[in-house]
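Several structures are given next for inspection.
One chain, subunit A, appears in both complexes that follow, with subunit B as partner in the first and subunit C in the second.
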Partner chain A sequence: MGNAVLEVNELTTKYITRFGENIYAVDHVSLKVEEGKSLGIAGESGCGKSTLALSLMGYYFPPLYYTSGQIIIDGQNISGMDPDEVRKAILGKEIAYIPQSAMNALNPTQRIINFIEDVIEAHKPYATKKEIYDQAKSLFEVLGLPAEVLNKYPVELSGGMKQRTVIAISVILSPQILIADEPSSALDVTSQKMVIKMLRNLMDSGLIKSMIFITHELPLLYNVTDDIMVMYAGQIVEKAGAHEMVFTPIHPYSQGLMGSIMVPESGLRDKKLTAIPGVPPNLKNPPSGCRFAERCKYVMPECRVTSIPLRDAGGGRAYRCILPKEFLMEAYERERGER
Partner chain B sequence: MNAGKKPCLSGRGVTKEFGFGRNKTVAVDGVDFDFYEGEIISIVGESGSGKTTLAKMLLGLINATEGDIFFQGKKRNIGSHRKKKEYWKSIQAIFQDPFSSYNTFNKIDSVLLDCIRMRGGGRLPREKKIELMTEACSFVNLKFEELTNKYPFELSGGQQQRLMIARIFLLKPQILLADEPTSMIDACSRTTILDTLMQLRDEIGMTPIFITHDIGLAYYVSDTVYIMERGKFVESGTADQVILNPKKPYTQRLINDVPKIYEEWDLSTV
Partner chain C sequence: MKGYRNYFANKLIWFGITLVAAFVLNFFLPRLMPGNPVAAIVARLAQGMSNTAGVQAIYEQYAKLFGTDKTMLEQFFLYVRNVFRGDFGYSFSQYPRTVADVIRASIWWTIFLQFPAIIVGWVLGNTLGAMAAYRKGGFDKVLLPVSIFVSSLPAFGMAVILLVIFGVTLKWLPTSGGYGYDLIPNLSWSFIWSVIVHYQLPFWSIVLITIGGQAIGMRSMAIYELNADYVKYSRFMGIKDGKIVRYVFRNAMLPQVTGLALAVGTMVGGALVAEIIFSYPGLGSTILTAVLGQDYPLISATTLIVTIMVLIANFVIEIIYGFLDPRIKAAQAD
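And then the complex of A and B:
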């Protein structure tokens, strides 16, 4: 067991709509990221992946509110801290965050070096431009990006290059943990591969200690991260190592996700794809029992009565279902036979 | 392998050029193809390879600069709008972005009623029309009673995409062009959409043509795969031939760059 870089206990955050309704988009989520490890978060759109990423930073602004739970980064509890304090002391230094489509957020009138100056000046007010330039140049060399990029405008760069530049900017202060929210979803396969190679490179060279990677592309997640967590309607439904999660999922929802992977490899054409019918529940008033009950094929009356706790499945795995894991795994094997 | 079948759509030297002189861009560069009836065809390529331009030409939305397109063995004649409308009864399309495919001011009923009218059902009694629309909606797991009197923007992306398929169900075309039908949709809803399309193919016997950049999807669904690079078909053949044993360096690179789960994903090649 390595040192935990980030530990989250029972974190709950909510959105308050303009009609005063509470929407618990992150509901009692606990997770732990160790040094040198990466964690992947999977799930369909609207299941709370991106809200979890926002909540992990401890930087809340309306309509997102902190409710309960702890976020411990490097031994320091940042939950409930003042947003301004978080921005000064935590963001950039401890946690770096790459939001969705970050590459489109670059101001077109600024050169790349200006963005880096902004970041460094906010945390080290007395740094000279020369120092900043040298620091940026050496970082770009480590990451295999050409140094000329620093003096270019965002419009002069291609999509893949912009995304890699954004990642480089976000890790300039060598944070403990990098949260990447769909960093490669708008890119073609070749640029996507470059981005992934760069993220791996960041981990190997020790510039960042650990990483949280959010996407709904499962083959990608399998190749990048050590552990995978599946979210459904604001809750974690299954946690496992990447290999176990992809090949032997337990929870019916993760089974549906893993069964829909399409990769161009021999033998896979003969496997049957699994589909999940229906839509996720409305989080304004979530069902009292299992949140997946409406769409689950193994649903029983007991499922709808009380909420289901996360059960330990041995080997660091956990899942949220009342059925035994042997039964579920066997059913999955049977279903994925020949088509 | 296609000895006994006849091609339903074929092209000889189909070319599309945009611009003149120094600004000339050749989007589609003299492609030849024979799409056979009942086959599932995929056209795969990166962005900018000319896939969508080819699709628009197949649909008759833009004219080819050079070359001929043959429909069911005969040279296609779509000189006038009336003839185009006739042609569109046999070829239809699903587009990438369902949000921009509907007229914002038309209710969903009228979207579906238009399809019935196109099939010559304009004079059917009201009850019969409603029955047809209900049947189409239930085919794609939508409830017609919930949709009636709604505008397209009130539906979610997945619902809109399914409504698109309901249209196809009513129109019963011989050829369906699906231009990136699942790229805006979640991985798990993707299977549902594909399943419905395949079911529709069996039911009304149409020929689906998938235009996609997702090699996994192309490999999974199609019988024949065409790989497109800079306006040309560089490789074609059965899915197993092309995707498991690619011959051309472009195809090899494209397939190498897709994340795999059973094989090692080689990151050193970029």
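And then the complex of A and C:
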């Protein structure tokens, strides 16, 4: 067991709508990321992936609110801290974020270097402009970005370059952990590859200790992360190593997700793609039992009665279903054989 | 940089063409109105005269003086030559005053009324709009409908409402003129005080309307910017809220700059209604008397001023924008 960089216990956060309704988009989520490891979070749109990313920052602004649970970064519980303290001591320095559409993540009327100055000044008020410029320049050189970028406006950069610039800015204060929310989904394949390479490079060179990677593109997770977590309707439905998750998913939802993708690996080639019928439940009033029950092909009456806890499946795996894992795994194997 | 220069060279050429076209229209349009202004002047002078030959002689003398005895085309070329010499000729309706004289006497009233009113309205409107976007809640719920109401009022409606309330009913402020009718312009305290008092109603009628429109525009721009991705990212990089608010309002301000420049450019035309209702001695009232009296040279000269101001304002916006927004500068250089 390595040293946990980020540990989250039973974190629950909610959105409060204009009409005062509570929507628990992250519901009792626990996770742990060890030093040198990366965790992938998968799920379809609206399952709470991005909200989880926002919630992990420990810094909330409307309409998202903290409800309960702990976020422990490097042994320090940040969920009870004063927001201004979190802003100064945690954001960017301990935990950094790469937004979903990094394309628009930079202020269009500000040069890159001026934004970097603002970022560093927010944490180190006494840094001089010269020091900041030198620091930024050497970081950009390490990451293989041209130093001219610093004096440009975002509009003068290409999409891929903008994304890589955002990543570089995110790690400028050497955070322990980086949370990347679909950092490559808006890019073409070539730029995507460069971004992924850059993220891997950050881990390998020790600029960041660990990473959480959120995406709906499962093949990407398989290639990038050590572990994968599948979310459904604000809850974790399965946790496993990346290889196990892709080849032997347990939870019916994970099975559906994995069955709906093309992985160019031997053994999965030439398989037909299947879709999961239906849509995720409305989280304004989530079902009392299993949240996947409506779409599950193995659904039984007791599924709809009580909420299902996350069950340990051995080997560091866990899943949220009342059926035994052997049954589910066998059913998946059989189905794949038939297809 | 070369593309940027070409862009402005291109713009300048277009502004030049626009100016020439407007200049020609400014000359011909008023003269196409039916009616004979010289006859009207002569009729006024000849009141009580029974000598037809004498009246005829006076008419011919005036027609010669004003140049109306020549063909329209000849008049036009004379006008062009004179304008290049800086001579706009005599005002028909206020003869023997020259056009330059009439404009010189009225333009400062307009500038001192309009310019501060537009600036004050713009600054107040943008501040209120920005506050409504940022603070939301009750403040926003009150400000938005009030702004919509105020900005939907036509300019004369606002002027008349203020006039009735503060001028007629409450009798706090004078209802017309730029200064007391019994005073002669000088630098005495009583005159300056009179100017200040007469200034209030036209000033606030313009300010209030400007506030409404600007507040609505700023509010929606600021809401849009507050939800932009860079706001979220900047927050998560630990940047202070105060600084992020500065980013947002700077960016939300950009379209508002256009509004300001256009308002300044159309100042004279915009002044018309407020000046007429309050009988303010500015350029707006001058245009009205010029049109009513078919005072061709005065109409042409005042409308030329409006044209030039609008063109200058547009050109200045283009340049300022390039400095304020790198996106526009990049587009201009393309």
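Odds and ends about this structure:
We adopt the following convention: the second predicted complex is superposed on the first by the 329 of 339 C-alpha atoms of A that agree within 3 Å, B and C clash if a C-alpha of one lies under 4 Å from a C-alpha of the other, contacts with A are read in each partner's own complex, and residues count from 1 in each chain.
One rule holds in what follows: contacts are C-beta pairs under 8 Å (C-beta built on N, C-alpha and C of every residue); 3 or more make two chains touch, one makes a residue touch a chain.
Quick caveat: nothing in here was measured; it's all calculated off a predicted structure.
Once chain A of one complex is fitted onto chain A of the other, the partner contacts of A:213 are absent, as it touches neither subunit B nor subunit C. Using the contact criterion defined above for the overlaid structures, shared-chain residue A:276 touches subunit B, although it does not reach subunit C. Of the two partner chains, subunit B is the only one that A:192 touches; subunit C does not reach it. Once the two complexes are overlaid on the shared chain, A:24 sits clear of subunit B and of subunit C alike. After overlaying the two complexes on the shared chain, residue contacts for A:256 are found with subunit B alone; subunit C is out of touch. Of the two partner chains placed by the overlay, neither subunit B nor subunit C lies in contact with A:292. Shared contact residues of subunit A, touching subunit B in one structure and subunit C in the other, are absent.
Per the touch definition, subunit B reaches subunit A in the complex via residues 46-47, 141, 156, 158, 186-192, 194-195, 213-220, 239-240, 243-244, 253-255, 257-263, 265, 267, 270. By the touch rule above, subunit A contacts subunit C in their complex via residues 57, 59, 61, 87-88, 90-93, 96-97, 99-110, 115, 118-119, 122-123, 153, 155-156, 166, 169-170.
Residue ranges of subunit A in contact with subunit B, taken from their complex: 44-45, 188-190, 192-194, 196-197, 200, 216-220, 222-223, 246, 256-257, 259-269, 273-277, 279. Contact residues on subunit C toward subunit A in their complex (touch as defined above): 228-230, 232-240, 243, 247, 250-251, 254, 324-327, 330.
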